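What follows are several structures.
Two complexes follow with subunit A in common, the first pairing it with subunit B and the second with subunit C.
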Partner chain A sequence: MALTIEVVQNDVHVTITLAGDVDTKTAPELLSKLVALELNVLEQLRLDLQAVNFVSSAGLRAIVFAKQKMPHESTLYVIGASEQIIETITKTGLGNAIKIVESADNI
Partner chain B sequence: MELERIDNIPTETISGYRVRPGKPLPFGVSSVPGGLNFSVYTSAGTSCTLVLFSRSEMSPLAEIKIPDHYRIGDVYSIAVYDLDYEDIEYGFRIGGPFEPDKGNRFDPTNILMDPYSRVIAGRDEWGVDPDWDRAYQYRSRVAFDDFDWQGDSPLEIDDAKLVIYELHVRSFTKSDTSGVKFKGTYAGIVEKIPYLKALGINAVELMPVFEFDEFENSRTHPDTGEKLYNYWGYSTVAFFAPKAGFASSGRFGMQVDEFKQLVKELHKEGIEVILDVVFNHTAEGNERGPSISFKGLDNKIYYMLTPEGYYFNFSGTGNTLNCNNPVVRNLVLDCLRYWAAEYHIDGFRFDLASILGRDPWGAPLSNPPLLESLAFDPILSSCKLIAEAWDAGGLYQVGTFPAYGRWSEWNGKYRDTARRYLKGDNDQIGQMAQRVQGSPDLYQSNGRSPATSINFITCHDGFTLADLVSFNDKHNEANGENNSDGGNDNYSWNCGAEGWTEDLGIRALRSKQSMNAIGMLMTSRGTPMLLMGDEFGRSQHGNNNAYCIDSEISWVDWSLLESNRSLYEFTQALIRFRHQHECLRINHFDHHGSSHFPSCSFHGTTPWKVDWSPESKQLSWLMSCDNIETGLMDAVYVATNMAHYATWFELPTLPNEYKWQLCFNTGDSDNPCQALPVDFSDSGILAGERSLLIFTVSPRET
Partner chain C sequence: MSDQTLGSIEAIASMDNWDMFNDFITELITQNVKEKGVGYKLRLASEELISNIIRAANDNPRTQGSEVILEITARLHQEGNQSWFVLGTKDSGSHFDPQFEERQPIDTEQNVIERKIGGLGLFLIQQSVEKVTYEWKEEFNIYELWISAENEVEVGKRL
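Coming up: the complex of A and B.
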């Protein structure tokens, strides 16, 4: 399934809304959108995964990449991820870097 | 102005890919700006082609013949640009002569796995039948080192303070009774960490986790039709890669992260991780086995061969890795350094380690370079190095393994003596006295310490503890080999009936014998090791070699934790007791003892007087030291009566300011361990038949 990526930037945070599958083929598209941001000064990044069915290891690594580029005190929210995606994030230890919330209202 | 680097610019295009001559080190695949560096060693190969695949594809994406001028010495290396790291799988074709009688087995039609592969695809989920039509089965991938360790590092627990727990990743939580979500995986162990912490152990020793193929020599049981596997995994495919099928995220290719998460979470709770590593042979078998990697890269270098080109078989499994060849030695060193540095592994237990001390023709070396290199390696300097100090070729080195002051050993003599004493064999008192004090007969004269001795009564090889006290003979029919496999020297006793019985007396005796065994183990000097589930009576139904069984026979049945609660609580209390009493953990043989008692003294039914005769079945040991901080004496007195009748034991006399306290009595079936130590003022105690009692001392209130 194709991946659509929408990037909305406001004063304090960036929201990236994804729809589709983040697999080995589409993960580079996400990575290129992330690279295009000024990650080194970004205080808050929100990744909205409500319309995402599957995130491959490549997709998860793109997320880890973003967090590692961001300042130490910054926050990366993953919003509305499916149970399977949350499980994969948790059991592989990637959950330390990010905050998982059900919706943007929980932020 | 920042100068643009020009040392990473591609110099030519081959097969449509931009490339340049690579760096010969490190071996395997590594990142360079804009690309990947591939490096592989072959001393007798005459050509090398890098074969690239898109993930899981049958046909290669590209074949890049590495130009001969890219070769430095015996190493081909190439940097390839613009690759999708996440998607790429790769292997090599090596040209050269196919002359088995001269030891060469080159075959460029075969695609070979990189021996330095850090991730392997192709066996992503446990037990899923592989597609054997694939030309390339074990597929090298690229690993990432972006794991967030959050400040974790190896724990470096003092050897003398360790209590090791041996477990098989899949067996530990595969059963539904485990109650975990991710059954049979690394993540499943994480779910059980609270249990391990509560038990009190502080190291897990994981049976092989290097990528192996459960389908190697898999077969069907001739009678039952049940599928039999290479279940234990003592047959390595890839030394640098964690087994994907043990990761619940293996199908996403995230086994590296899941395994690191396991190590990190265990470390958080103060539990070290020791890996059982198998360097004595590989999964390539003998001349009839598959050519996965080493055989096609440099057969003569990696394996011990007869002059006719056949494989020496000191491992009993088909081939023998040529570990004292300098190239192979470096591979082993690189591998262990990688696991120590990249995965924060705390120690290694070497399967059939005596093979690592043989020369290329199989003769034992007096100063084996590999063992010496490992002992003095700067990166491994804090890692535990534990030898299984024998091999299948008849070399038995318990007590004589070349240790360089660093190696400890699985003490097979401890196991055999403790088992024989437990079942009431004659002629065991003298041996038992040696084993209890850390086996000075084996380790003192060469300057080693008690913790050199890894004491165990059971391990994955042989009976579980419950089976040790329930079976006289092995019952390996489920293995499909007519009960001919597995050892026959079990030194086991079934307590009166073979296998399961309704006889309450026999069952009670078995429970007591299990406690007696754990009591001896936890009050002996040296490093104790428990087998998973022994603390609550795990059974393999008499199978003493379940290497091929992926079923309830091997899986830990966690419902036993409730039904054998008293054994669990006894074990837990004894581990805690061991941690509390320094006198049990003294780690040098010349320790002077406390101000009142020697460091370790032996007694019989009468204090200071042991009956050393062949028929004797009673032995007591008293261990003692002074607590430097409190100035008080620490002492533990253990009385064991392995006779079939009750016997009176006089206790050694204490100085006036101390009193005895009874902590454990396996003869008291209602109350084998005291919640709080009970003051004991009598001069002696009647030890029940086949019983063990443990006392400690407490200062009298003045």
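Coming up: the complex of A and C.
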């Protein structure tokens, strides 16, 4: 399934809304959007996964890349991820480095 | 002991054929695996395995430029009262034994930001299925991903 990516930037945070599958084929598209951001000065990144069905290790690596480039005190939120995606994130230990929330209202 | 083939596909191990491999597996899982969580894990393990095979086929200097063939087969394996849904791959790429049984699990307690991210795909394969096997046979890499078919698999949907 294709991946659609929408990036909305405001003064304090960037929201990336994804829809579809983040797999080996589509993860490079997410990575290129992340590379285009000024991650090194970004205080907060929100990844909205409410319409994402599947995330492979390639997708997780893109998320890790973003967190590694962001300032130490910054926050990366994963919003609205499915039970299966949360399980994968948790299993790999990535859950310790990001914040998982049900909706943007919880931020 | 008996085996029932549910479907198979064969093509060059290339990203050009990614959608074909992916659609085949997704359809197989949709048709045969009832429980959503189990289906998700099997898809995750399959995706990691196939992406590794394609990467190895195209990055390895020995196989680069030559055509590595990847075959994916799904079968239902019955042994006594136990039945298994088995998704297998067979590829003609370079010999690569991931040594699943000897592989140390990644340290998920260590901060992911500081640790090396390598090995994540193999880790997810091991974590997502009940059994994973590797064999080098007649110049082919042969992997099998096994999940119990007791409650999760609806028997006999062919592709």
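As a convention for this text, the second predicted complex is superposed on the first by the 107 of 107 C-alpha atoms of A that agree within 3 Å, B and C clash if a C-alpha of one lies under 4 Å from a C-alpha of the other, contacts with A are read in each partner's own complex, and residues count from 1 in each chain.
The working rule: a contact is a pair of C-beta atoms (placed from the backbone, for glycine too) under 8 Å apart; a residue touches a chain by one contact, two chains touch by 3 or more.
As the structure is a computational prediction, the values presented were derived from the model and not from experiment.
Peer 1: After aligning the two structures on subunit A, examine subunit B and subunit C and state clash or fit.
Peer 2: Result for subunit B and subunit C: clash.
Peer 1: Which partner does A:106 reach: the first (subunit B), the second (subunit C), both, or neither?
Peer 2: Neither partner.
Peer 1: Go through the superposed model and pick first if A:83 touches only subunit B, second if only subunit C, both, or neither.
Peer 2: A:83 contacts subunit C only, not subunit B.
Peer 1: Which partner does A:56 contact after superposing on A: first (subunit B), second (subunit C), both, neither?
Peer 2: both
Peer 1: Who does A:32 touch here: subunit B (first), subunit C (second), both, or neither?
Peer 2: Neither subunit B nor subunit C is touched by A:32.
Peer 1: So in the superposed three-chain picture, is A:4 touching just subunit B, just subunit C, both, or none of them (first/second/both/neither)?
Peer 2: neither
Peer 1: Kindly point out the stretch of subunit B, out of 237-245, 399-407 or 453-461, that overlaps with subunit C after superposition on chain A.
Peer 2: The stretch that clashes with subunit C is 237-245.
Peer 1: Could you list which residues of subunit A make contact with subunit B in one structure and with subunit C in the other?
Peer 2: 24-25, 56-58, 60-61, 64, 68, 88, 91-94, 96-97
Peer 1: Write out the stretch or stretches of subunit A touching subunit B in their complex.
Peer 2: Going by the criterion above, the answer is residues 24-25, 27-28, 56-58, 60-61, 64-65, 68, 88, 91-94, 96-97.
Peer 1: Enumerate the contact residues on subunit A facing subunit C in the complex.
Peer 2: Contacts found on subunit A: 23-25, 54, 56-58, 60-61, 64, 67-68, 83-84, 87-88, 91-94, 96-97.
Peer 1: Which subunit C residues qualify as touching subunit A in the complex?
Peer 2: 15, 18-19, 22, 36-37, 40-41, 43-44, 47-48, 50-51, 54, 106-113, 115, 117, 120-121, 123-124, 127
Peer 1: Can you name the residues of subunit B that touch subunit A in the complex?
Peer 2: Listed in rising order, the residues of subunit B that touch subunit A are 55, 84, 86-87, 144, 146-148, 150, 182, 186-187, 190, 248-249, 252-254, 257-258, 260-261, 264.
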